[in-house]
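Here chain A shows up in two complexes: once beside chain B, once beside chain C.
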Partner chain A sequence: MTNVIGTPTRKFSADESRIAGRNNLTGYLVSAIAVFVAALMLAPLVLSFLSSVKTPEQASATPPSYFPTSLSLENYDHVLHFGAGLGTYVGNSLGVAALAIIFSLLLAVPAGFGLARFSIPFKEFLFVVLLMPLMIPYQALLTPLYFMFAKLGLANSLFGLAIVHTILQVPFSVYLMRNAFEAIPRELEEAAVIDGCSTFVSFRRVFLPLVFPAMVTVALFAFIASWNEFLAALIFMNKETSFTVPIMLVSVRIGHFGSVDWGALQAGILISILPCALIYIFLQKYYVSGLLGGAVK
Partner chain B sequence: MKLSIRSSAFALALTTSTILGYSAASAADLSMWVRASGAGAAQHLVDLWNTGHADKKIAVTVIPDNQMVTKLATGSQAGDVPDLVSFDLIYMPDFMKAGFLTDLTADLKGDANYASVAEAYKNIATYEGKIYGAGFTPDVSILVWNKDLFKKAGLDPEKGPTTLAEIHADATKIRALGGDTYGYYFSGSCPGCNIFVTSPMMVAAGAKILPAKADDTPLDGDGVKAVLTEMQAMWKEGLVPASAQADNGANFVAAFMSGNVGIEGSGGFLISLLKEKAPNLNFGVTILPGIKEGQQSAFVGGDVVAIPKGSKQADVAKEFIHWELTDEAQLEGLAKNNIIPSRPALADNKYFKAEPRVVVTAKALGVGYVPWVFHFNDMVNSDSSPWIQMLQTAIFDGDVDGAITKARESMKSIVAQ
Partner chain C sequence: MNSRNASRWIGLIYVLPALIFVCAFVLYPFGQLVYTSLTSQSLLGGGAFVGLANYQRAFNDAAFWTALGFTARYTLFITPILMGLGLLLAFLVLPNRKIQKFARGVIFLPVVIGLGTSSFLWYWLFDEQVGLFNKVLVNLHVIVHPIVWFTSADLALWAVIISVTWKVVGFGMILFVAGMQSISSEVVEASLIDGTSYLQRTTRIFLPLILRTILLVTLISAIGSMLAFEQLYIMTAGGPRGKTLTTVYWIYQNSFINFKLGYGAALSVILTGIILCGTAVQLVLTNRRAHQ
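== the complex of A and B ==
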């Protein structure tokens, strides 16, 4: 491992040429496969986009056509101005997701650290208890939680909803953080102690930077889970102005007897993908750099 | 660690601002939950109310259709309810029985406008002699036909089918145009769509569909078999697109809107929707027929408005219900937007003169029925209900008699619960 990372660039590029540049044919073949796979992955998005700029009439056509005959932004307009306006829903969703990320990190990082680095009585049992919510369908938890939250005055508040999303996300996050802390060599901790670090200081200065990629992963999953969550948001929120994006997306596309407004559906899909894609691209950079900036250089 | 500090700060700022923004929302407004498919119509009425009642404004919250029952039930149990609620009238008996709604008998009995509301709405909102709600945004099922396709197939584009056999004959001619053009359409996996558009044809032919009491016979009368047989024949002859079998309602509107379906059962809501979204579609509207000439029926749908128990501003909410039944609300809020008023006497108004197709829906309201039953969800609306299983077994598998017998038994056992 040390050898590979420490190898000069020249050797690395020689390896590279051995893989892709042995002859042009292999290169083309690899590129062709890559392009094919990328096209396959992109196809639903492209089709979604093409449908979203059709007129509502054309977007509903059965059998559907691939390309729009005339361009129209009517579907986007419909999604933008539905109910309380897209801005309200996006603001709520981002607020709840941000809180869920913060709560998840605040709970999962210390929990993972404790479970990984300290000998606690009945540690494995405690860990299983922490993972238990994963094993129960969360829909079953929502009604009792709602009654409890209503009594506590947390129902119909973004803060309360963020707590629910955190409850749903914490088991997986603890699992992830524990693994990340366990993967750090004991020698590093010992070196920190020898240098005079207290547990807290070594946690902050040695461990945290090392588990940074795992924290980014936790944040990413918390964001995506919270952003997409529909049922809890619907049950816990009672006002149009406090609804999140998924509820609006369901309401905007569903008409009488479950009939679907296909154009609005596609426009909604594209609008709701954007923040997820952006945050993924943004965090991925740190995810990778955190990984390479690892300990044992 | 630059990222975590910066992004955390960003996230915190964002969250705080959102939460602050949320708590700043006005608390004095009345809250009203509306199911999504009735939201457009409800908004017209609420907007009109809000312009005249600046100090008692209503804020509408749109709830997805199939979540309304869950939401209202959990909200009622937790004591967290809106001031007004507008939902599918068919759930009225269950909600009245559960005791979720405020008794409005004393308020509405003396209201002359309430007295002239369509019988179907008064009936569905009355339980043990007490009134719990009023018609709000009415809808009714109708039959629509594509005039352009009728013309192409050599049929009279101005004359819609008046019997089920005529639907079959016209559909055959339209299918003969070939390609992607089909004669008839129905959503084969959508229980709600079919109780709305298929059951009235059975009722028109004299059948009784749902049992109100344990000793009633469900699916009673020859109309049930006659309609299922005719539909099975149309399916077998390929007059209906194959995709109809799996359609859970998603294409209930889209199929006709795309212009290649000749005839379909639909709802009054379709008129304004098509005028807005498919202005070039040339279509006619008629009342759903039965087996013989002159037989007609419709399913009265749409929303009722009620006040949940625990409403914090019940007095203003009652004032709103009185107001929504006045001529002003019925004409300027509903009729002006091509929606039928809940008071049939108002169907003859200046707005409908410009759109005769809406007048047909108003007439349909007069001949329509609405079943006053408990457990409507179990008998009809759920995905595995006896109602939808009967349609699927009869139409797609061809076993009409077996399907009816089986559905009759399951409905009996549900109503006996």
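== the complex of A and C ==
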């Protein structure tokens, strides 16, 4: 798997500027433009952060200012005590994400193993069935799922929402796990069989450690997708105590007295960005390799 | 071989949980959806079989066509922007220098932010009272007076396009960079020896060799845009006067606000048909066997 963001890649060597055919001057120019674009991309986040540490009055002032005149954590305090309390919303989001990760792994790891390592009858047909969530958009399935969950007592439950989020992850996760298991050489499996391992034991002892990076990738994608998902959470979680973080933002914007509490909205936005940004910064390798492996290979 | 025969069924057992999950939570609800679309069901009751009446109604529903038209327009505008900018950025950050790697990381960062969250962020930036987007434009002398973005459907569309472009342009860029980096350096060096210009290398070597990636990213973006909801729900609420409702938004309104379940189901089935065409092509392009 190519790692595009972090370490050097395999095929392009150090004399890349020569390959691109640029002399030094254009090289510097391209670098300068790249820095400018990066600054442009960061600007909305920086401005939002600067706004979040303004006083609530300054954050809602017209005309607006770029910089805070005095530092204040009051906006964060507002979000902390908003509605049922930030803890409830973050707890809900984390709970749904954790369940979505568990469900995705429990379904995709064995499925990937089965598809990669056995000659199953109608294998490619079954694989396409597992890719069905790509073809039938979940946006179309929300009404039947809503009534199904109401009957099963899963309305407003973290468990129910996690099921919807797992639907979104199944095709990508199965695809990734199948590739990961296929990449393991046959000889290893045969050695395990000779040593007298049953398929289940060799699955656990030989294969699982080798596909661990792919499992991390599956978990990361499940977390980010679930933490960020909006429409299903909006429809399925209609009690204030069961809101997830993105739905909390909807109520923060409406505010208590009909006018938008802009400062609190900035604080809420940054809180909702933080976990995904941290994951991306520290686990980039797994994230990007998954993106490349899942989307184009 | 006996053990081989047995292993066929063992393999199936591993796949079974995922299959049951997809059948229970995707295929079964889809069957229900198709059935509901043939009835007059609403939250108050109804549920009589009405044949294709809901589909007929959709066909004659001006609001549905407006929503579908707006979604198509949004898709047709944003897809080329995303592809063009994504490619330009890919060329910009292709060299493996420190600065370019840093730029890659930063440009990709918004991809991991939720579309809902980024829409709230841009809703604030575009606000005519407290938003800073107007202020930046005024300070740069691009405009004289602040623009009111969300009272005109056209301006609102552009505001949404700008915000979504910021959020997702890094996705295409990263895939294009990966595509270009997997081109073997012999090919590029051979062309250098032949004395090609930078422009020639770009149009004759890089672009043709990553054509499959470009097609795939185009499809993924277009499918995503046809399913747009959050960005409009949060930034425009469908306004002004319902002119920026998308297909998914219209389904949401009918199913969960007006509770016309039968009609909403018919609209959902139509949407599925449209998306199915796109994903079918996507699956052919990603066909595992052809590229192993």
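One rule holds in what follows: the second predicted complex is superposed on the first by the 213 of 297 C-alpha atoms of A that agree within 3 Å, B and C clash if a C-alpha of one lies under 4 Å from a C-alpha of the other, contacts with A are read in each partner's own complex, and residues count from 1 in each chain.
Here, contacts are C-beta pairs under 8 Å (C-beta built on N, C-alpha and C of every residue); 3 or more make two chains touch, one makes a residue touch a chain.
All values reported here derive from a predicted model rather than from experimental measurement.
Contacts of A:V211 after superposition on the shared chain: neither chain B nor chain C is touched. In the superposed model, A:S259 lies in contact with chain B only, and not with chain C. Of the two partner chains placed around the shared chain by superposition, chain B is the only one that A:A155 touches, whereas chain C remains out of contact. Looking at the shared chain after the overlay, A:T143 reaches both chain B and chain C.
In the superposition on chain A, A:I235 makes contact with both chain B and chain C.
Within the superposed three-chain model, A:S272 lies in touch with chain C and out of touch with chain B [touch as defined at top]. Once the two complexes are laid over each other on the shared chain, residue contacts for A:P133 go to chain C alone; chain B is not touched. By the document's definition of touching, of the two partners only chain C reaches A:L107; chain B does not. Of the two partner chains, chain B is the only one touched by A:G95; chain C is not.
Greater residue coverage of chain A by touch, when chain B is weighed against chain C, goes to C. Overlap of the chain B and chain C contact sets on chain A: residues 60-63, 143, 146, 234-235, 250, 262.
Across the interface of their complex, chain A is touched by residues 4, 7-8, 10-15, 17-19, 21-23, 25-27, 29-30, 32-33, 36, 89, 92-97, 99-110, 112-117, 120-125, 129-132, 135, 166, 170-171, 174-175, 177-179, 181-185, 188-189, 192, 197-198, 201, 212-213, 216-217, 220, 227, 229-230, 233-234, 248, 251-252, 255-256, 261, 264-265, 268-269, 271-272, 275-276, 279-280, 282-283, 286, 291 of chain C. Taken together, the chain B residues at the contact with chain A in this complex read 1, 3-4, 8, 11-12, 14-15, 17-19, 21-22, 25, 31, 33, 36-37, 39, 59-67, 70-71, 74-75, 77-80, 82, 139, 180, 187, 190, 192-193, 196, 241, 243, 248-255, 257-260, 267, 269, 273, 277-278, 280-281.
For chain A in complex with chain C, the touching residues are 2, 4-6, 8-9, 11-14, 16-22, 27, 30-31, 33-35, 37-38, 41-42, 44-45, 47-48, 51, 59-64, 66, 103, 106-108, 110-111, 113-115, 117-121, 126, 128-137, 139-146, 148, 163-164, 166-167, 170, 174, 199, 224, 227-231, 234-235, 246, 249-250, 253, 262, 265-266, 268-269, 272-273, 276-277, 279-280, 284, 287-288, 291-292, 295-297.
Residue ranges of chain A in contact with chain B, taken from their complex: 56-57, 60-63, 83, 91-92, 94-95, 98-99, 101-102, 143, 146-147, 150, 155-159, 208-209, 212, 215, 234-235, 238-243, 247, 250-251, 254-260, 262, 286.
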